[in-house]
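Next, two complexes with subunit A in common: one pairs it with subunit B, the other with subunit C.
Take a look at the complex of A and B:
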């Protein structure tokens, strides 16, 4: 990474101590610095190589660094800017990763790698995963498993042939709130009655295409070597057909996977509409709406999925599972997670007294205590005028039942832990390649339905790799 | 020289980035990258995000530890340092409930930088980076702009904390107003941060963490420092401190300045602000 001609004056991560020293020795936090007790042993150290240190790779890196006995020994990315970020972050945590541009060198150079995390653009998932599996590594691969069904099928086959674990990054399947909803609320208590409908949405505001810092462009020859047409497509690969399955894959895959999981079924048909109606310089649709038909054990469930990239529509994203006795709105964000009871349902007092759910008005919805720092701040008049703002904090609504479950970790951490636990012989994968394959079949057919402008059918065998 | 201005909502306020010297398209992409970092920081530092490091810390039992991210660690180290330096007139753990037998004045949380670990020493830890997190974010965002080769920029959070990088070519600094009415003065900030603290709503008050009582000051206080994270935290400390304490702090720390509003609207200046140091 290059530095600007002059370092910015703000306190950079790189010079916290020196900037603190500007204020004299008294600024140092000595009384607060105490060696922590070592975390309880979580098993042997697992050596990990990361392929892809872009936005998603960084999220996984940050989450994995909170798991004991995980050591990153290599960071691979074709963009030095990303690679440098990963190296610097890991060194702060005492890791000493070797940097690589080419994953093949990484795999041949470091035989001691136990696991590989693949967080590259979707069109590379199959190549990176298959090579890592064949090199004897276990693989955690980000969703969507692949941008093609053929690619996904090859990954499942390689995992089977090599006997290595392949976890796909549908991290909701390890989120304790989702697991609780699936296993306890729906699986045991059948609290929603007969499930009749589902919907989910992820709507995002208009965003600019990603740019590149000056002088950080990857040379064209290198881009071509790794399959990218140019820097713009490398940075904005999600919008281009060669590299990605489009928004239904990028945003929809997580939530459509929840349809399959919560309903315990694969769909038998999908009807979809969408288009490239807003952004003129992209290839993929910028909006898609799909209607699935799921034949579940208790009857037909129609599930609607909507993804917009032109409006945040008030913000938030969630999945909604609806039954004749109640509805579950669930999201990675607990603010959007609630249970609603139908008037015709038996009272839920039993579930409350059993501790299965929490009555409205208690739990996390309670108002936070008043703290001295939450004060109105005076405005400084600026050269560039800014509208007046009020420091209002969000407060959860209290109108619905809650789950007594807190996600006490980074959002992706439980899914990574599940992967590492499986490697250590503790439990099975929550989202193995077979699950990722079935989800990919479910998701990618939407694009076909949009193009065909008609309902498309699935055969049960389509979901088997 | 053209200026391009961009806004983004985060941490329950509006952040603004003004960039000079680049075409708008490039400036927009650089600002967008800074805002992406801001959103990530909010997810890691906000008390109100269930899986954030701070929310996780606040659920710890006494003696228990968690691994935290590097930004949470750095921000907490700075917060702890400012708490020490200011005699706890700024205290990110104010509101914590001490464990029985906890020594008076001993920290209610400890940090192990090598292990990126935070340990609670409280019966109920209540960390809140609300008075420092926005400043920390501004510094991080300034760093991102530096990576993008953007030298001339001015960033602010909610208009109450400003971080000025290099001014536009030909300008002495980014103009920022301090005080009101006839006493208003304009500073030209360069490579420096300024933050205001005060009570804008009648009847509200700020608590002095040392006593648990309402702070005596009822008018505004400003802090000037070489980093936004410090200006942000120090403005709160200065509001809580008595005037002589502010003067003594500024005398000890040459890089810091303070402005305290008097009842007649005039400003009492200390340290770097009294010296007319607007940065550089």
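Take a look at the complex of A and C:
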């Protein structure tokens, strides 16, 4: 079955013509030829090039290798260490990629590339994505779509002008548990009642800066050619303003994107605090806390986001959507995922009998049963062993419930599958450029708010690319 | 009569072993290195979480590190990244450049001590920059470089027989900077071979360092 690639969401004929006119000169000036649209048939092998073979690139490689009918034909990285790593890794799995230092050479040298995965530092996303789109490739680009709103806007415009798919790597949007929570629990059942608050966190312990393996330094001239000041900044680009949006982008983007998605709204304001208080040799903040106001259909929701890079305390990484009848705590790690019922909510037995949720104590992430040789686990008691007791009767303890959905794949795999499926005409992108753009606007304003030390407002049109 | 004599000799040997002075094995541990956020781990035979410092591993007095800079070979002679020299080079830091990454599926590395030795312990660090579990870890000892004759298995957590060496009942474990110390049970051997079958993060096999402790056989 031959199908045409779907038009990205929000693309109108006027948008197409407008963006196309702006980009026409650039496309004509591109050193490589834009191919005609190349519809993929359902079983066709998709030829893929990877730009950026660092840690995230290899994570995506590992996930993509499990998807049928995907062939990596090229890898590109300015660092020979990473490039060789990616090349040899793929060869272990039967691929035969051609290695490149310069993405322009890759795009012009292998016209048969159908899709490009961009996993480079954020400041290069726009350049790599726009060039790939103009060369006729569909693009999966890691989040944050770009470290600047302007860069993100250019990527959406190029995707529209070229009619190619642009998927941004907010992979939770393809995680079946997140999709289930969004579509079924919140969208259909409204199981949480009226959503009134949200919070999310991602706290990581102190880590040392990344070094360079012996004898693997990139010559300074090469680093400068590609925009890096030195090897230390190349290896630790996430901490420097030129290359990245900082921790609120690196970690927060994934979860703040969940605020926008689950709440079905963009925020109208953000208040934030943060600082470079621990790592004196970095430029970006090492801790940020933000408070958003979301004007949702059912009322205002305040959402708090915290990211720390000096402590792993706080109970893992998760997003918490709270309503007047229940709350959803969800994470890529299933052990942090739970539904909590407010005592005032109608009984959830109906949802259990409907198969929407499952009773506490079962499901993915539940505690394993006690083994015969293990001591029974102590029950949590609200009563102190001392003579004095603390009265905790203010509110009833929430009961925990589970979702009947599991993810038995690498966490990035479903999002890549969604990208390749869309190329084959099967479904639409879960995180197209427009979504990535709105998330970038939401995220990057936090840094402005930290610097301004005051609440900043969003206008609705800010979120439209 | 012969049986009785043999039994007496064996008993005397055991008593001699028991009489040996035992001392804690001193490991030079690298810095803790967990980077990033741990990925979910689902393993059927995972050992219960350990809290606090593990008790010292006792070895006979006079036990020394035998494996430093000794040659290592592998089922994968063309690693994805790193060199096989990483296995015994003494660098346990775990950072990029300190480990060798072998291909997918069942793979092994083998350390040649150069001569048979009475082995007390084997310490292994697969990859400790992330909390992950290596599947089907089996450690064998032999004087046969091909591991076809007189093979002693001293660790086996391969509960599905993925390696084809028989099922084992040892626990799977989460990698940390402490590595894993395996009891070599005083076996005399020249070669140490370690198997694995990928890990909970990917299908690949890594070795940051293998240390073999024992006493030379004179």
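Simple rule for what comes next: the second predicted complex is superposed on the first by the 385 of 465 C-alpha atoms of A that agree within 3 Å, B and C clash if a C-alpha of one lies under 4 Å from a C-alpha of the other, contacts with A are read in each partner's own complex, and residues count from 1 in each chain.
The rule is simple: contacts are C-beta pairs under 8 Å (C-beta built on N, C-alpha and C of every residue); 3 or more make two chains touch, one makes a residue touch a chain.
These numbers come from a predicted model, not from an experiment.
Looking at the shared chain after the overlay, A:207 reaches both subunit B and subunit C.
Of the two partner chains, subunit C is the only one touched by A:317; subunit B is not.
Once the two complexes are overlaid on the shared chain, A:84 sits against subunit C while remaining clear of subunit B. Of the two partner chains, neither subunit B nor subunit C is touched by A:453.
In the superposed model, B is the one of subunit B and subunit C that contacts more residues of subunit A.
With both structures placed on the common chain, the touch criterion links A:409 to subunit B but leaves subunit C unconnected.
When the shared chain is aligned, subunit B and subunit C each come close enough to touch A:62. Legend: residue contacts after superposition of the two complexes on their common chain; A:344 is shown touching neither subunit B nor subunit C. In the superposition on chain A, contact is made by A:334 with both subunit B and subunit C. Of the two partner chains, subunit B is the only one that A:94 touches; subunit C does not reach it.
Counting contacts by the rule stated earlier, residues 62, 89, 92-93, 207-208, 210-214, 333-334, 374, 411 of subunit A appear in both its interface with subunit B and its interface with subunit C. Those residues of subunit A whose C-beta lies close enough to touch subunit C in the complex are 62, 81, 84-85, 88-89, 92-93, 202, 204-205, 207-208, 210-214, 216, 316-317, 332-335, 374, 411.
Contacts from subunit A toward subunit B in the complex involve residues 1-13, 16, 19-20, 22-24, 26-39, 55, 62, 65-68, 89, 92-94, 207-215, 333-334, 364, 368-369, 371-384, 386-389, 391-394, 406-411. Listing the residues of subunit B that touch subunit A in their complex gives 3, 5, 7, 12-14, 16, 18, 25-26, 28-30, 32-33, 36, 47-48, 50-51, 56, 59, 65-71, 74, 76-78, 80-85, 94-95, 106-107, 109-119, 126, 128, 130-131, 136, 138-143, 145-151, 154, 156, 158-160, 162-166, 174-178, 184, 191-194, 196-201, 204, 206-207, 209, 220, 222, 225-230, 236, 252-253, 255-256, 279. Put simply, subunit C touches subunit A in their complex at residues 31, 34-40, 48, 78-81, 95-98, 103-104, 201-204.
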